[in-house]
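One structure, as structure tokens, below. Some questions next.
So that you can tell them apart, the chains are marked A, B, C, D, E, F, G and H in the order they are listed, and the count of residues begins at 1 in each.
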Amino acid sequence: MDACIVKTYDELKLDFPRKERIGFEEAILCPGKTPEHLEAILEQAAARNATMLLTRMSADQVASLRPEHREELDYEPLSRTAYFGFRKLPEPAGAPRVAVVAAGTSDAFVTREILRTLHYAGENASSYVDVGLAGMWRVMERIESIGQHPIVIVVAGMDAALPTVVGGLVGSVVFAVPTSNGYGVAAGGESALRAVLASCSPGLAVLNIDNGYGAACAAMRVLRAIDAEGQ
Amino acid sequence: MDACIVKTYDELKLDFPRKERIGFEEAILCPGKTPEHLEAILEQAAARNATMLLTRMSADQVASLRPEHREELDYEPLSRTAYFGFRKLPEPAGAPRVAVVAAGTSDAFVTREILRTLHYAGENASSYVDVGLAGMWRVMERIESIGQHPIVIVVAGMDAALPTVVGGLVGSVVFAVPTSNGYGVAAGGESALRAVLASCSPGLAVLNIDNGYGAACAAMRVLRAIDAEGQ
Amino acid sequence: MDACIVKTYDELKLDFPRKERIGFEEAILCPGKTPEHLEAILEQAAARNATMLLTRMSADQVASLRPEHREELDYEPLSRTAYFGFRKLPEPAGAPRVAVVAAGTSDAFVTREILRTLHYAGENASSYVDVGLAGMWRVMERIESIGQHPIVIVVAGMDAALPTVVGGLVGSVVFAVPTSNGYGVAAGGESALRAVLASCSPGLAVLNIDNGYGAACAAMRVLRAIDAEGQ
Amino acid sequence: MDACIVKTYDELKLDFPRKERIGFEEAILCPGKTPEHLEAILEQAAARNATMLLTRMSADQVASLRPEHREELDYEPLSRTAYFGFRKLPEPAGAPRVAVVAAGTSDAFVTREILRTLHYAGENASSYVDVGLAGMWRVMERIESIGQHPIVIVVAGMDAALPTVVGGLVGSVVFAVPTSNGYGVAAGGESALRAVLASCSPGLAVLNIDNGYGAACAAMRVLRAIDAEGQ
Amino acid sequence: MDACIVKTYDELKLDFPRKERIGFEEAILCPGKTPEHLEAILEQAAARNATMLLTRMSADQVASLRPEHREELDYEPLSRTAYFGFRKLPEPAGAPRVAVVAAGTSDAFVTREILRTLHYAGENASSYVDVGLAGMWRVMERIESIGQHPIVIVVAGMDAALPTVVGGLVGSVVFAVPTSNGYGVAAGGESALRAVLASCSPGLAVLNIDNGYGAACAAMRVLRAIDAEGQ
Amino acid sequence: MDACIVKTYDELKLDFPRKERIGFEEAILCPGKTPEHLEAILEQAAARNATMLLTRMSADQVASLRPEHREELDYEPLSRTAYFGFRKLPEPAGAPRVAVVAAGTSDAFVTREILRTLHYAGENASSYVDVGLAGMWRVMERIESIGQHPIVIVVAGMDAALPTVVGGLVGSVVFAVPTSNGYGVAAGGESALRAVLASCSPGLAVLNIDNGYGAACAAMRVLRAIDAEGQ
Amino acid sequence: MDACIVKTYDELKLDFPRKERIGFEEAILCPGKTPEHLEAILEQAAARNATMLLTRMSADQVASLRPEHREELDYEPLSRTAYFGFRKLPEPAGAPRVAVVAAGTSDAFVTREILRTLHYAGENASSYVDVGLAGMWRVMERIESIGQHPIVIVVAGMDAALPTVVGGLVGSVVFAVPTSNGYGVAAGGESALRAVLASCSPGLAVLNIDNGYGAACAAMRVLRAIDAEGQ
Amino acid sequence: MDACIVKTYDELKLDFPRKERIGFEEAILCPGKTPEHLEAILEQAAARNATMLLTRMSADQVASLRPEHREELDYEPLSRTAYFGFRKLPEPAGAPRVAVVAAGTSDAFVTREILRTLHYAGENASSYVDVGLAGMWRVMERIESIGQHPIVIVVAGMDAALPTVVGGLVGSVVFAVPTSNGYGVAAGGESALRAVLASCSPGLAVLNIDNGYGAACAAMRVLRAIDAEGQ
């Protein structure tokens, strides 16, 4: 290959000023990136002594890294998230201000992405899982506790009816994350997405299918607004 | 126009043996039928002294009929149903065995089609309306009463989460009828349809969007199975 | 029609406890409701001396009301919203905490629904309109002012690129409302909806197409979280 | 990974009271569940001495279990169903009350899921397969026998015309299960699903694509209604 | 408006050599054509003493024509077809070689377009209507007669199961025309189209939704092949 | 309505610097704009002595304007375009550098929008219409003349095969504009759009359905590049 | 597994009378069939001394057969067709009456399925491939020869413009088979399918995506009609 | 297999006159081509001493070639492009006239296809990558430089907002290439495609999803028009 194309690596433009601008750092969305792309990105981070969050990183991508980079990763395979540049990430302190509520255990790949993203940003969170509506007593037992968090993220696939029920019962900020879990008309998450967008519970706000990272970022925007007020 | 096409009227083939075969009569689905079609159909019914149920009949179609036919119609405009051949339809007797449950008052055009179809067949029914999940106490107050019917038809538009909740709480036969109510992604009922098909409540069975007539027929099939057992 | 169906009116179940439960009142979504439905609803409100917000109300629906109800309405035709039970709604006090940003003047039917819903709830808001990206200087001139609001609602049809740009520049809570404006692939708002859900700006949360009411409710959930903190 | 996420396993909330509530037990839908999830679920079942039905379980998931759990499984690979906690499931007694009718042999993965789910619940069933409409004599030869069952489940992919024909000939309760069999426009089952929802045979009720489990549950709801009547 | 655009009328390029090339004349598809377009087209036909078939012509378009053109039209409103240039079209002679079979009377707008197009071309046809599968005896009574035509055109909306049944019973050339009749998932004809494309009956060939004209042309291509052989 | 909403009119931000920036002026897309919006826009233009192009303007919108504004409009109803601020637009001079090629006369509403937009910008154009592929001799007769223009815009609905044929025969810049003409699967233009995007002719570039205005703008970008070179 | 399910094999109902009924034999569509299914089918064929055509058969399915069955197969991997029960299939005699025309060499998996199906039925065919419209001279050179066949099957993926061009130039019966070749909007063949259904060439009849087998069957129906005439 | 099918190889019709006709050579789109197809193609090229560009060529396809053909390939795996017949392709001379702008590094598989196609044709190009709008300063820093190229190709996946921003800031010819990068609603590129087609920036012209090759061809058509002018 000729030189002009190799130049694309030199021209990587990471958005390091993002934290200052909007309150949280750029994360690296890994699909479609070659090993060379990932190495170049981690190098730029290492050169600045910066830490980094990587999302949707495959085990193959981890394995393709140079050992000195790989060692710096705290990788969690179900959520496919990695923390770069930490020997040890301190436990988040303070009472949890975000509740993550999930209909099924199969949604864990999304709930963990949320929890890991918040953890990376130093935020604590509570999790309430396996509370699907086929047995509604499970969410009803816990709804008071859920409603005590200023922010509630509800994760649900298939018919995604859970966010509607939660949104009708608590006055918190409610974000709904539809998931790709399901088969037939539910496969891929389009049905869940449409259901939460069409919810009869007022004021639910919706993220892309399986977008746990985005839900965590939306929560951080709200926490920032709360913190600004508290000052 | 030439004769060969006029012949199409002579060749009308109403399915009068249907009741014997499957337990309930053919109903006439009106959209797309010309006044000539409708007149020919009613004439055949009148000639046999048969009564008839007409569905999705527009006010214009009613108005286009000959007065002697129009007089024989009991027409209800919201459900767009008409009974032909009755001076007075007797009130159905017996305890209601079907509960019709609807999320919103805007779904009345469907719930009435169900009630009118059952009524035509001599079946009594209970109705529980305006019990949407945004305020869940409304359905919870009535769930025990709902569950005492062997058959429950749940009608819901938008995100159609109500059938999931009801299906998880009662052991009755549950039919879900998604409606076209809603806007944006909900417009037309595709989102409601997908949600009920993907429901996490086991054993919900689904009808086409706005198909109140079909839900009533499905209920009649179940009632027939129950009655056969009772004999 | 028989009595059992007329009973549906008696069984209207308005969700009056909603405000206590989640912080704001039930609003009446008007499409699909008959004049009888609307009269029954307003009667219940009047009987309790309650005020009410009606959304997506057509001019025909307004005209169909009894004069004594019609007189109690403050109706705005572009947003199709009505306030019931107010002689005069007081101007909201306090600095605006919500910025409503719209790409085009054609989106006014949505931006007004947001502003009217917030106003009904006593919230002040700023509006920044006609700032589409084809001439980006328009939004850049105003971005600093926009970013000073803890909540920003961005309304955009067609390709809905504006929320991405705003979300990348301000750290506020950002809600995106895709609109049905546009033609060809943009008609109906599906393209705008998909674009904002797929946004590369992190933490945008999305409402249904044209759902200005929902965006205002989501904002009120955030304001409530902020206010709780401030206490 | 940190402790807070491990906690998700402790919080598994199986719906053991479901049988009492609606008449049949929770089944475990396996896709998306990790080996750890499955082990934790089976442990809870074992601790209560409960049996369990697992659906859509892959051979890899079976292989990932601890030997003592694996031994307790009766796994059938085509339907991907497993019975947990049985040395030997007794043959269902009594005359079959459900007829399972399938257009093609390729639909066997669905028909077996139905038969295995009914069998697990102690219900007997008849099966009529390979009776597609391209050679209609096959279903016509058997239609009288089919119609003697109070419940008929028709399984069909591609154009799914079979449920319409059966529904027009028998007065039984008819559930239609569209399958994902087919290619081109039929791939994935959307065409079959739409066809059965739009059927001109009145009172067909529809399940999600490939949802044999759901059809069996719907049948059990009807059997329960019949049995209640018979008491 | 300036001259260059008016020129578009002068540049009308009717395909008069089509009949020589492929065996039948160009027909004029009317939607989207202005009165000026239609006048210019009829003028060119009149100048050549040619007759013409117009399809999907609205009553408004007929009314907009100059009286001397309007008089030359034999217009049939249900099929929206018009013959131009005939005082009287002779009855087609010979035994019918095309059978037009339709599921419902509501499909008459399509079946008439087929019959009128064939008639214009001098072809005789038989019609078998109102033979939907909900009462299958109707088509079974007539199937032998249908199968005696070398070409069978089956017209069906909703689930469009009829072409599959007919195609499995007769060895004729079978063309399926899905129609836009139906509601919910059937609205617009997409479900019917998908069903006939996915048919398990081998060798059905399919036309666009509501395309009766195209089906007649396809039949004429086959008749031409038969006639060539007969020579 | 309260003052804050009236302010939206004052805040109209027309993009007057656009011509300097990218070479042509902002045009006003009329759908969704109220009479007040349009008046405010024309006023701003009049105040600057600027001319303006309005697109997709309905006859009702024209009629709603104040007479002094209406008089300044040169409105063409088929293309729904208006020129504001011209007593008389001079004929474009110079040899035409753009060829507009259209499959059917029904596409005239799009071809005129292209021609009118180019004319407004002072560009001359040739038009070749009614050259659909069902009679391919029509385009073959003219293809050499078409290929002598540096830019060719091909407008086609239904199956939109014409751009593929033209793109394979001429080396000009080719823009394809799919139109909404057609019925059944073609209705709305999605089929035409997909066909031109998937074209096997290399280097066709595509505009939104019915977007004649956009095609003219794309042509102007190319003309600008050519003119820059010529300098 | 229990006996009732094993019974499904005994109940295989092959449609041996099909040839008598409609003129050609049942073929076995292999996807979704287990090795046991296939063995049972071939056994039934062998027991009757019947030959058989198998379609979409994977190499794995071939490999899974018992050697004595595998030996009886003439398998062609690109078309995934197999002839069962032939030592040697005789070359078809007579002049070819079907022309198979394909836009690209990548469509060979479909064109071979057509040719192999016709060959199995004893029909000769001509093939014209790699004649895509990007270089139209390729099809123009051969169009006269193509048009001499009473039946033309045009196979095309991507934008599938070729059937429109051929259908406008020859008066033969024209069947269009869209293929799944292509990427982006063309992936899967939906764009090609829509294009051929919406074709402006009159009387094209369409098969499902990649359905070469069906096109061959449609051709055989026409040949049968021609042959009947010739008698 | 019989001879008639083997003949398809002999009948390969490469479009060697394309360059003369429209200015650039036929490229070989590899998916779906067998090793025999590819060998036959390269042989024809070698026989004429012609060079060739191959696109979307898999590593497996490269590996399947005969060594003497494989040696003649310059293959680049990320873009999956190969140059055949070059020992060494000379560096393009002259100032770059095309700017390739890409939102993310994950879009490199498309940007390289563009650069490699232009390089093969002897055209130089600049590349500006990783300039996504989440951090808009990255594109703003470079926009002046970008706008100095007569042609700008903007490559973007997910919400594809970048082409709108660039198109509003530069007066160059702008082609947008949506990519399949993204997940959830963005998966496959349909959302990106719709966004760029619906762009509010006037005169963007769009290519199929991931169609870098087509964008390069469109650019070459413009360069040819510029060069013709310059003569």
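The rule is short, and it goes like this: contacts are C-beta pairs under 8 Å (C-beta built on N, C-alpha and C of every residue); 3 or more make two chains touch, one makes a residue touch a chain.
Keep in mind that this is a model prediction, so the values were computed, not measured.
Engineer: Starting at chain D, find the fewest moves between touching chains needed to arrive at chain F.
Structural biologist: Minimal hop count between chain D and chain F: 2.
Engineer: Please identify each chain that touches chain F as well as chain H.
Structural biologist: Both-contact set = C, G.
Engineer: When you check each chain against chain C and chain F, which touch both of them?
Structural biologist: In this structure, the chains that contact chain F and also chain C are H.
Engineer: By mean C-alpha coordinates, which chain is most distant from chain D?
Structural biologist: If we average the C-alpha coordinates per chain, F ends up farthest from chain D.
Engineer: Since chain G and chain H share one sequence, what rotation angle in degrees maps the C-alpha trace of one onto the other, as a multiple of 5?
Structural biologist: Superposing the C-alpha atoms of chain G on chain H needs a rotation of 90 degrees.
Engineer: Averaging over Cα atoms per chain, report the distance between chain D and chain H in Å.
Structural biologist: Their C-alpha centroids are separated by 49 Å.
Engineer: Between chain B and chain H, tell me the centre distance in angstrom, where each centre is the average of that chain's C-alpha atoms.
Structural biologist: For chain B versus chain H, the centre distance works out to 56 Å.
Engineer: So, what's the distance in Å between the C-alpha centres of chain H and chain C?
Structural biologist: Spacing between the chain centres: roughly 45 Å.
Engineer: In chain B, which residues are in touch with two or more of the other chains?
Structural biologist: In chain B, residues 21, 104, 134-135, 167-169, 184-186, 190, 193, 197-198, 202, 208-209 touch at least two other chains, as defined above.
Engineer: So, with touch as defined above, which chain pairs make the list?
Structural biologist: A-B, A-C, A-D, A-H, B-C, B-D, B-E, C-F, C-H, D-E, D-G, E-F, E-G, F-G, F-H, G-H
Engineer: Could you pull out which chain H residues touch chain G in their complex?
Structural biologist: Answer in residue numbers: 1-2, 4-5, 7-8, 11-15, 17-18, 21, 26, 29, 31-34, 37, 56, 180, 188-190, 193, 208-211.
Engineer: Show which residues of chain H lie in contact with chain C when the two form their complex.
Structural biologist: On the chain H side, the touching residues are 103-104, 132-136, 158-161, 164-165, 167-169, 182, 184-186, 190-192, 194-202.
Engineer: State the interface residues of chain C toward chain A in the complex, per the touch definition above.
Structural biologist: Where chain C meets chain A, its residues are 21-24, 27, 150-151, 167-175, 193, 197-198, 202-209, 213-214, 216-222, 224-230.
Engineer: If you look only at chain E, which of its residues touch chain B in the complex?
Structural biologist: Those in contact with chain B are residues 76, 78, 91, 104-109, 111-112, 115-116, 119, 125, 127-131, 134-135, 137-138, 181, 183-187.
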